[in-house]
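What follows is a pair of complexes built around chain A, which joins chain B in one and chain C in the other.
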Partner chain A sequence: MAFQSDNKVIKWIEYRLPIFTLLDHAVGTYPAPKNLSYWWNFGSLAGLMLVVQIVTGIVLVMHYTPHTSLAFTSVEHIMRDVNYGWLIRYIHMNGASFFFIAVYFHIFRGLYYGSYKAPRELLWFLGIIIYLLMMATAFMGYVLPWGQMSFWGATVITNLFSAIPVVGESIVTLLWGGFSVGNPTLNRLFSLHYLLPFIIVGLVILHIWALHQHGSNNPLGIDKKDSRDTIPFHPYYTIKDLFGIAVFLLVFSIFLFYSPNFFGEPDNYIEANPLVTPAHIVPEWYLLPFYAILRSVPSKLGGVILMFAAILILFVLPWLDTSRVRSAKFRPVYKQFFWIFLANCLLLGVVGAKPPEGIWVLIGRLATVYYFAHFLVICPLVGWFERPRPLPTSINEAVLPKAAAAAGE
Partner chain B sequence: MATTHGAAHAGQTRRDFLFLAAGAGVGIGAALTVWPFIDSLNPSADVLALASTEVDIGKVPLGQQLTVLWRGKPVFVKHRNPEEIEKARADDSASMPDPQKDAERVKKPEWLVMLGVCTHLGCVPLGNQGPYGGWFCPCHGSAYDTSGRIRQGPAPRNLEIPPYAFLNDTRIKIG
Partner chain C sequence: MRKTILSLGLAAVIGLVAPAAQASEGLALPKLSWSFSAPFGTYDRAALQRGFQVYKEVCAACHSMSLLAYRDLQDLGYNEAEVKAIAAQYEVTDGPNDQGEMFQRPAVPSDRFKAPFPNVQAAKAANNGAAPPDLSLMAKARVGGPDYIHALMIGYENAPAGFAMQPGLNYNKYFPGNQIAMPAPINPDGVTFADGTKATVDQQAKDVANFLMWAAEPKLEQRHRMGAQVILFLLLLSVVLYIAKRKIWSDVH
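So, the complex of A and B:
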């Protein structure tokens, strides 16, 4: 149905470019399940953070100098000389963390409510690709201030590729544009750090397109049947998303204004020194679980493979999970394993932050094994053997049992 | 009946108030959020710190011009000889686009200090050239006299005089 309006300007444009119809379908009359909970707020929050990162990033680039001899001082120049530079940089720095916070909630919500299952597999794939690009972008951004953690983080991450047999060393030299991390490396990472967010924007558009093909999943995990199961996106979910944004930004502001370096490492306020590695080198918190997996494997190539596999395995999850019921609400066994899996991921994060010695090595290995066992063993078997609870016949009936009963009489 | 009407009216007013208050809150919040981003484009502290320049003019011979950089722009410090001063004063009452007396443009007649930026579109005029023996802009042909006043061509105003002061006989501070 086309968008209706009496405004002559809108009509004139609409006749030539039906952009109002497009917007109306996307965020206007788009019928959304009427039972979406606050766990469904994190998609719009992630989208908001992407915009915040792009806007602050564009302004930061106006003051930053991508050269090894000037990068560190130009960041200090932003912090001290540029009007509100401290604010814009701290928004960008903490914004990265809050972008990941929103995305992790979004991903685990998808895992809990089975949002990756048919017919939403491609939607899930696009999400994983966005997540991978986010990690790459965040890593590259972390290199730009050219502090100690930037330099050694770049050295460690690029050296991951040296694990590839035969061509590994050549690939690393290619990535560096030299024989160590240096100015050519900084310049290319800067270029890509600016490019990738716009690619992410494109993928987000595809992600939303794929979402709107079959509509949002919902806490019950059952398909919507008729108009009684849905409400228009606007005003119901626009206002709910706005409320979520207000709360999220409030929490963001607490960190931004009262503890802006909470997520950072003090060592990154020391300028990069190719001669000295910091005593305790850790990645940003959002990469810690994968860092833990990398270190748990006593083989260079094996660790790298397992680390990448930890993310790529998400691509086959729609088929590894053999249950036809989406929502964990009706899956008593899977529900337990979901929380164990979540706890295991957090544990991997803790392990990644600890020095790789003593008991942490063992814990890291067990947690790594469990991580993969969850996908490869638990998900298929639970799907087969679990007896799901009975599903409601419709969203409307589950949400408004009395109204449905009255209608049935 | 009257009560019902009153209640409905009260409800509407309350909703209107909330709507306007929320709208105003969002508007003010948005403006406060946008301001730091716009202000970040203004000159930063290190740029403002370079806003004044001291120049030693003791070694500029009579008739010569020293060009110094101030705020990223050239400033002409011209040591005028008596003929140039005379010529500038003689033209004080001539017809020109931006009438100004020579005495208004200098602190000491032999020292003419002005921005070397053409008031047309910002090029740097060449010295001792053009029909009036002053400056001539190569970009679009604006001709300035020995007082830096526009006499001919598309430029609308005389060459600008920056704020400056004589610290002593041989030293000036621009800005």
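So, the complex of A and C:
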């Protein structure tokens, strides 16, 4: 149905380019399940943080100098001399962490409610690619201030590629633009750090397009049947998302204004020095679980393969999970394993922050094994042997008070 | 079940991260209550001025503060004339002039703090091969921040019996590894404070830590003030949006 309006300008544009119809379908009349919980707020929150990062990033680039001899002081110039530069830089720095916080909630919500299952596999794939690009972008951004952790983080991460047989060393030379991390490295990472967010924007558009093909999943995980199961996105979910944004920004502001360096490392306030290695080289918190998996494998190549496999395995999850029931609400066994898996991911994060010695090596290895066992063993087996609880016949029926009491939970 | 697992997981995360952060740094730092730590905290101007005096008369013999300009000292409560007078105490190299020659002139407020050594090599040569670090960001560049700076200043003592000291290094109970190249910098009454405060080692250590925190985070007061305004606004906005949400959804529930 085309968008109706009496406004002449809108009509004139609409006749030539039906953009109002497109927007109306996307965020206006788009029918959303009426039972979405607050766990469904994190998609719009992630989208908001992407915009925040791009806007603050563009302003930062107006004052930043991508050269090894000037990068560190140009960031301090932003912090001290640029009007509200400290605010823009701290928003960007903490915004990265809050972008990941939103995305992690978003991913685990998808895992709990089976949002990756048919017919939403491609939607899930696009999400994984966005997540991969986010990690690459965040890593490159962390290098730009050219502090000690920037420099040594860049050295460690780029060195991973040297594990690739035969061509590894050449790839690393290509990444560095020389024979060590230096000015050419900083310049190419800067260029890519500016490029990738716009590719992420493109993928987000595809992500939303794929979402709107079959609509949002919901806490019950059952398909919507008729108009009684849905409500128009506007005003119901626009106002709910706006409320979520206000609360999220409130939490963000507490860190931004009162603990802006909480997520950072003190070492990154020391200018990069290739002759002095920091005592502990740790990546940013959102990469720690993968760093733990990387270090759990005694062979370098094996570690790199396993680290990438830890993310790539998400691509086959729609087929590894053999249950046809989406929501963990009706899957008593899977539900337990979901929380164990989440706890295991947090544990991997802790291991990633520790020096790889003593008991941490063993814990890291066990947690790594469990991470993969969850996908490769537990998900298929639970799907086969679990007896799911009976599903409600429709969303509308389930959310009515009487039916909800009968469905339990 | 899920609550148990999650709380166990969270307890593990908090319990494991917290003690380890201290263990790797050795002796726990004395935690002081700084005027700037609280949400509405501001800098203590008198402490900043005393701290600047300690820096100027003690630390500046070896440590640069290259990110600061004399004009920044107005934040400490000095007026323009006083800042001009402070700057004029230093001779800086400028140029080249029309004849192509470098020349010396008194510093002006827009000049950066004059460094004690012309370059890193000179700093190394004068200090047994280890250049004293720049102090502009020191309060953010060490775990513990101002607590660490204060602790380091008061942490000098004789090495315990049996502790193998390397020649030329000094024992400090708060320094990671306990052996530090810098000799105890602060002496009792090593400076004479204009405001009559007794210049004990602890007092000087506190004041210089205050000053270095300001140097590392000069916009802290502005940040604290704006934070209160933004958070108040967002609280009200959240309430309004929540009420609007309840109203709009009333026909669905």
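As a convention for this text, the second predicted complex is superposed on the first by the 400 of 409 C-alpha atoms of A that agree within 3 Å, B and C clash if a C-alpha of one lies under 4 Å from a C-alpha of the other, contacts with A are read in each partner's own complex, and residues count from 1 in each chain.
Following the convention adopted for this analysis, a contact is a pair of C-beta atoms (placed from the backbone, for glycine too) under 8 Å apart; a residue touches a chain by one contact, two chains touch by 3 or more.
Predicted, not measured: the structure shown is a model, and the values here were computed from it.
Peer 1: Does chain B (first) or chain C (second) touch A:Gln336, or do both, or does neither?
Peer 2: In the superposed model, A:Gln336 contacts chain C only, not chain B.
Peer 1: Taking the superposition on A as described, I'd like to know which of chain B and chain C A:Val350 touches: first, second, both or neither.
Peer 2: second
Peer 1: So, A:Met62: does it touch chain B (first), chain C (second), both, or neither?
Peer 2: first
Peer 1: Touch check for A:Arg389: first (chain B), second (chain C), both, or neither?
Peer 2: neither
Peer 1: On the A-aligned overlay, A:Leu87 touches which partner chain: chain B = first, chain C = second, or both, or neither?
Peer 2: Touch status of A:Leu87: both partners.
Peer 1: Based on the superposed arrangement, let me know which partner A:Arg324 touches: chain B (first), chain C (second), both, or neither?
Peer 2: The answer is neither, since A:Arg324 touches no partner chain.
Peer 1: After lining up the shared chain so the two structures overlap, which partner does A:Phe243 touch, if you call chain B first and chain C second: first, second, both or neither?
Peer 2: In the superposed model, A:Phe243 contacts chain C only, not chain B.
Peer 1: Need the overlap of the two footprints on chain A, from chain B and from chain C, as residue ranges.
Peer 2: Overlap of chain B and chain C footprints on chain A: residues 80, 87.
Peer 1: If you look only at chain B, which of its residues touch chain A in the complex?
Peer 2: By the definition above, chain B touches chain A via 36-37, 39-42, 44-47.
Peer 1: Under the definition above, what is the set of chain A residues touching chain C in their complex?
Peer 2: For this pair, the touching residues of chain A are 34, 73, 76, 79-80, 86-87, 90, 231, 235-236, 239-240, 242-243, 246-247, 249-250, 253-254, 256-258, 260-261, 266-267, 269-270, 279-280, 335-336, 338-340, 342-343, 346-347, 349-350, 353-355.
Peer 1: Tell me, which parts of chain C touch chain A in their complex?
Peer 2: Its residues touching chain A are 1-2, 5-6, 8-10, 12-13, 16-17, 20, 24, 39, 67, 72, 133, 136-137, 140-143, 145, 176, 216, 218-219, 222-224, 226-228, 230-231, 234-235, 237-238, 241-242, 244-245, 248-249, 252.
Peer 1: Using the touch definition from the top, list the residues of chain A that touch chain B in their complex.
Peer 2: It comes out as residues 55-56, 59, 62-63, 77, 80-85, 87-88.
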